[in-house]
Amino acid sequence: MADVTREMSSEQRLQSYYREMLPFALRPLWLDYKELLPPQPKSKAIPYRWSWRDIRPQMMRAGELVSTEEAERRVLMLMNPGLNGLQAITSTLYAGIQLVLPGEIARAHRHSPAALRFIIEATGGYTTVDGERIPMLPGDLVLTPNWTWHDHGNEADTPIIWLDGLDIPLARALESMFFELFGDDAQPLTKPSDSSFFQYGAGGLRPAWQKHSASYSPLLHYPWPQTRATLERLAATTAGGPHDGVILEYTNPVTGGPVMPTMACFAQVLRPGQRTKAHRHTSSAAYHVVEGSGFSMVDGERLEWDAKDVFAVPAWAVHHHENNSSQDAYLFSFTDVPVLAALDLLREAPAA
Amino acid sequence: MADVTREMSSEQRLQSYYREMLPFALRPLWLDYKELLPPQPKSKAIPYRWSWRDIRPQMMRAGELVSTEEAERRVLMLMNPGLNGLQAITSTLYAGIQLVLPGEIARAHRHSPAALRFIIEATGGYTTVDGERIPMLPGDLVLTPNWTWHDHGNEADTPIIWLDGLDIPLARALESMFFELFGDDAQPLTKPSDSSFFQYGAGGLRPAWQKHSASYSPLLHYPWPQTRATLERLAATTAGGPHDGVILEYTNPVTGGPVMPTMACFAQVLRPGQRTKAHRHTSSAAYHVVEGSGFSMVDGERLEWDAKDVFAVPAWAVHHHENNSSQDAYLFSFTDVPVLAALDLLREAPAA
Amino acid sequence: MADVTREMSSEQRLQSYYREMLPFALRPLWLDYKELLPPQPKSKAIPYRWSWRDIRPQMMRAGELVSTEEAERRVLMLMNPGLNGLQAITSTLYAGIQLVLPGEIARAHRHSPAALRFIIEATGGYTTVDGERIPMLPGDLVLTPNWTWHDHGNEADTPIIWLDGLDIPLARALESMFFELFGDDAQPLTKPSDSSFFQYGAGGLRPAWQKHSASYSPLLHYPWPQTRATLERLAATTAGGPHDGVILEYTNPVTGGPVMPTMACFAQVLRPGQRTKAHRHTSSAAYHVVEGSGFSMVDGERLEWDAKDVFAVPAWAVHHHENNSSQDAYLFSFTDVPVLAALDLLREAPAA
Amino acid sequence: MADVTREMSSEQRLQSYYREMLPFALRPLWLDYKELLPPQPKSKAIPYRWSWRDIRPQMMRAGELVSTEEAERRVLMLMNPGLNGLQAITSTLYAGIQLVLPGEIARAHRHSPAALRFIIEATGGYTTVDGERIPMLPGDLVLTPNWTWHDHGNEADTPIIWLDGLDIPLARALESMFFELFGDDAQPLTKPSDSSFFQYGAGGLRPAWQKHSASYSPLLHYPWPQTRATLERLAATTAGGPHDGVILEYTNPVTGGPVMPTMACFAQVLRPGQRTKAHRHTSSAAYHVVEGSGFSMVDGERLEWDAKDVFAVPAWAVHHHENNSSQDAYLFSFTDVPVLAALDLLREAPAA
C-alpha cells in the first residue's frame, strides 16, 4: 500500500486526504474559500413584484375555500422566487396578505418573531395587543411586537385585508422561534381602546407617569392620515434625501429609534416625475404601494408597480424609484436595517 | 512662650491652631461638619407665587420706559425672595417675563445657558433659531438651546409677552457661561419657516434623511393646541400618576429624552376638584398657569394661583396641587430633572 | 368545466387552488403554519465534540500536502454534522483549526465577518491587525474585527496552531459578506508591537487622549496568563454563578460590552468535582478546552472532553458541565449572545 | 403727584420704577445683563498650590489635638482662597487631607456626595465600602460612591494620611445633600476583602455572572503599582496627547466611562523636560503630586510643585505643566468633567 501511495498523484493524495477526514467532521477551508468569502454580497432573493390584480382574487378565493378557524390565519405568503420555497420575501423578511371576513376572528397567540400589519382594505376590524384593542383602517400601521399577545377580528360588513410583515426568516436563522396559544379565542380587554395612540401618538409629548422599558415601541398604532399629511407637507418644501426623497421613519417615541429591534418601517412620497438616485445597501426591503404608480429599477430589473402592489428589493441590489405618473405616489416599506445596524453590518453605497 | 502654651486651655490651643493654619488655606472639617453634611436638603429658595395681576402692569410700564434696543432684552426677572438677590426662581433655574412691542426686534445672540419660551400673550411674533423662523402663539413652547443663534421680533400690532426659562444659575455654578453677539440685528433665514415642526412634529415619525446628533431636541416648537388636546383626551380616560395626575413631558423626538440636557418641560391638567398626592424630589420647578385656577401647598405654604401666574417649588419641598375651581386647570412647568438624573442625584419620596 | 369543478371534492378544489397560485409566487400559510411557528426552537446543529487526537494529525498532514500560499489560509473547518455541509460549528458560528508552519505567512486581507483566534500551540508567531503586530502564545485571545486588515506569520521554529472563530454563518444569513485582499502580502507596521494591550490592557485604566468609536474593542490581545490567574483567584473565594460557575467575559474596555458586536468570548474554570446546574439559552456556543478534562451533557448527549478538544452546544440545548478529574479544567468559549441580545431574542431557562 | 412725575427726570422715573417692583419680587434684567452673561467664564476660584511641607505638620498637630472620635473625620480642608470661605478647592470640587492614627476608626456613614480617597502615607489601613474591606497603600485610589456605606480604620502602627476628593460644592449647588449614620461604628463585612478588585481589576475581563447596574464603578480599588507601571510602559513608546501627555483615566469597567457620574480621575506621567501645550476647559481640577517635581502655569500664575503637594486649576484657566527635574513626575487628578459632559457644557480650547 505504501507503494500505491507513493505512486498516487498529488491530486489523488489530496482527494484521499479529504475523504479520510470526513468521519472526523473536518473539511478543508481552501476548497470553499472563494465561495465562502466573496468580494461582495449577491442575494439569493431576486427583485420581484406581486401585482394586486393577481393577489386579490387569489386572496378572496381563499375566503371561500378556507375559514379562518381552519387556517388559524388566512394568509397567502409572498414567496420570493429566488429563495427555493423559503417562506420569505427577502432573505430576512417574511410578508403575507391576510384576509379576515366579516364576523370572523383570528384567535389569540404570541410568538417571538415580531410582526407588523399595514392595512390595505378595511371599513372596520381590529387587532388586540396585550389587552388593548386597536382599530384598523386603510394605510394604518399596527405593531404586534415580539411575544405580545394578539388576536384579530372583523366587526364590519366588508372584508379586511392587510399586509403582514414579520422577521420569521431571521428568527429561524437565529433558531429563536417560540410560539404560544392564548387558550381562549380572544384575550380580555384591559386597556382603553387605542390607548397607545392616545398616550404616545402626539409629536414630542410623552405621558410622564408611564415607564416603558420594553425593546419595542409603546406606540402600536400609526394612523395613515397623519403620516400622509406629514409627507405631503414636507414634500411641499423639501426634496428630502438623494436616494429616497421625502421619507419618514416610523419611530419608537420613547427612544427615537426603530419601532422594533428587528424591523424598521418607512413611508415615503414620490412626486410626479420624481426619480431617486440609485444606491444599494446590505439591508433588504419589502415595499407596498399605498397610492399611485411608477416603477423601480432593481439590479437592472424593471418592476412596474401600481396601487396595492408589493415588491421586494434584495440586499445589496442597486435600485432607484421613479414616479412616471401625474399623481403623487406613496410607498410603505419595512426593512431589516436595525439588525444590520446593531451588528455593524450595515453598509450603503451610491451606484457606481 | 512654651510656658504660655502649656498654660493655655485645650480650647485656647485649638483656637490658636485654627488661626495658625489660616495662612496655609487650610480649615478643619470638624468645625463645619454638621452644616456641610445635613441629613437632608433644605433649599435656600422659598415657595413663592408671582401674580399676573402684579407682573403685567410692571411689564407694560417697562414698555413705556425702556426700549428693547436699550435693554437688549426687556425682561423682568422673577427673583426668588429666599435667594438674596440671586437672579433665580429656584436655586438652579432662572425665570423672567419678556415683552416685545409691535415693530420691535431683540437682536441676535447666543449663549451657553439653554433657554425656553412659553408664550403668554401674542397675536404675532417670532423667534428665529439657527436660521429658522418660529411663530409664537399663546401656549406655545419654543426652544433656543445652548449656543444656538436666536433673535425675536414682533410683527403684529399687539404686544407679545412670554415666560423665559433658563438654566443660568446652574451654568454660573458650573462656571460655564459663554455669550456672543451675532453682529447683525437679525440672522439670515436659511430654513423654511417652522420647519422643525414640519419635520419632527408628527408623533412617531421622523424624517429619515436627516441626521441630528446635537444634545438637544431638533424639534424647537411645540404648539399649544396639540398639547392641550392630548391632555384633554388623556384626562377623559385616565387619572395619570398619583403625584402629578395627567402630565406630559415635552420630548426630544430623536432620543425620547428631555428637550434639552439641563431642563425638562411638562404640561399637565388638573380636573375640577382634583387633588394630587403630596411628594417631594430633589429637582426644583417653576410653574406657569396656562388656564384655570387652584392652589398648591408647598412646604406648608399655600400658593393660590390664577391664570398666567408663575410659582416656584424649591428642591425637596413637599408639595401637592389642588384644583378647587369648576374648570380644568392647565399648568406648564420646567425643571432641572435631567441634571439630577444624569448625576444620579435625583431622589423622589412621597410625603411622610 | 363548471360541472367538473362542482364535482371536485373539497380537497381537490384546494389542491387545484394551490397549484393555480404558484405562478403568482403565492403560497398558503396554513400549509406551513405548524412547521414555521413551532412552540420552541430545535436547532439543526447537533451536540458534537472534535477530539484533538483526531484534529492534530489531520492538521499536520495538511502542512505536508498544502502550502499556506496555495491554501490562502491552511484551515480545517469543524463541520457540525447536523448542518448538511454548511461551514459552521453551530447555526450561527464558524470554527476552524489553522496551522502556520515556521517561516510561512498568511497574506493580508479583510472581511466583514468578525474573527477571533484562540492560540493552541505556539512558541512564536503573530497576527498583524491594522498596522499593529500582536504576538501569539498558547491561551491568548486575539481579535481581528469586522473589516480590519490582518495577516499572520510564524517566525519561530515550531508550528503555530490556533482555533479560528468567526460569524460567517450569520453574515451569510444576513447577506452582508464583503472581502478584500490587501495587495501586498504583509501590511506595513504603523503602530508599536502589541500596543493595544499596552494602551487598554490594564484593568480600570484607559488612555485618556485616545478616542475610540469603533463598534469593536480597541483591545485586540488578551494574554492567557492574566485570564488564568484571574480565574484561579476568583475560584478560591467564590462559586460564581449556578450555570457556569466562575466565568469571565472578555470585554471591550471602552464600553464594558462584548469584544465585538456579533460574538462574545468567555473563559471559565471548573474545579475538580464541580458540576454546573443545567440550563439552556437561545445563544449557541463553541467551546475549546484549554486545560483539563471532563464532560458536558448536551441535550442528553455525553460529550467527553480532554485538553485542546473543541465541542459545540447548539441553541436551546439543555446542557451542564462536569469536571470529573482531579485537576482544574479551563474552558474558552465563544457565542452569538450579543446578536440575540441586540435583537431581543435572547432567552435563558433552567432545565425543567 | 402726576405733576411731580412729569417733572421727574427719566433716570429718576426709572429708579422709582425699580423700587416699586421690588415688593413684587421682580427685577429688570437689563440692570444685570452684562454681569449675568459675560462673554466667557472667569472662575471665582484661583490657581493655588498647597505645599505638603505646610500641610503635613498641621495635619499631625490635629492628631495631637483632636481625636477621630471627636472630629468624626479628622480632616483639614483645602480652602481655595478665591472662594470666600466656601469649603471647596475649585468651584465644584472639595478636597481635604485626612489623618487616621494607629488604632483609630472613623465610624460608618453614607452621603449623597460621592467621595474618592488617594492614599499619601500608609503602611496599613482600610476603607470598608458596602461590606467590603479595601486595603489602602500609598498611591491607591479608593472609591466611596454616592450613598455607599463606608468606614475607615488604621490597624498599622504608623499614621495613614490620604487626600479626600468629593463633589460637595456641586451637591450643595444642586441642593441634593443627604447624610446618614450607620448606627454601629463599623459595618459588618459581607464580602471577601478587596473583592471588587479581584472581580473587576483585570483588564478586559468581567465576571460574567455578576449584574452591576449602579451608576458608579463596581471596581472600588485601583492599586498604584498597576497604574504606575502602565504609565511607565506607555511613556516608553508614545508622547500621548498634546495637552496632557501620557494620561490615563480611571474607568468604570462595566461602562468604560468615568468612575462616578460626578467626578473623573486621572493619572499622568511627565518625563524629565516635558512641557505640555497650554489649553483650557470648562472643567476644573484638583491635582496631587504622587512623585517628582515641576511646575504648572495656570492663568499666568506659576505653581511650583513637589511630591505630595496639591494644586488647583480653576475652570477655563489656561494652563500647562512642565517637569523641569531630571526624574519622572507622576500626577493624580480629579475633575468635574462628567458633569459638564452630561450637561453639554464641556468646552476645551487650546491657548490663544
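Here the chain labels run A, B, C and D in written order, and each chain numbers its own residues starting at 1.
The working rule: a residue touches a chain if its C-beta (ideal position, glycine included) is under 8 Å from a C-beta of that chain, and two chains touch if they have at least 3 such contacts.
Everything numeric here is computed off the predicted structure, so don't read it as measured data.
A.B. asks: Show me the overlap between the contact partners of chain B and those of chain D.
C.D. replies: The shared contacts of chain B and chain D amount to nothing, since no chain touches both.
A.B. asks: Just grab the chain with the largest centre-to-centre distance to chain B, centres being mean Cα coordinates.
C.D. replies: For chain B, the chain whose C-alpha mean is farthest off is C.
A.B. asks: Could you put a whole-Å number on the gap between the CA centroids of chain B and chain C?
C.D. replies: 52
A.B. asks: Just give me the whole-number Å value for how far the CA centre of chain A lies from that of chain B.
C.D. replies: One centre to the other, that is 44 Å.
A.B. asks: Please list all residues of chain A that touch 2 or more other chains.
C.D. replies: None at all.
A.B. asks: Which of the chains touch, listed as pairs?
C.D. replies: Applying the touch criterion to every chain pair yields A-B, A-C, B-D, C-D.
A.B. asks: Would you tell me which residues of chain A are touching chain C in their complex?
C.D. replies: Against chain C, chain A makes touches at 10, 13-14, 17, 20-21, 24-30, 32-33, 36-44, 48, 50-51, 54-55, 58, 61-62, 65-66, 70-81, 87, 91-92, 96, 111-113, 146, 168, 170-171, 173-180, 215-216, 261-262, 282, 284, 314-316, 336, 338-340, 342-347.
A.B. asks: Would you tell me which residues of chain D are touching chain C in their complex?
C.D. replies: Residues 192, 195, 198-209, 217, 219, 222, 226-227, 229-230, 233-234, 237-238, 240-241, 244, 246-256, 259, 266-267.
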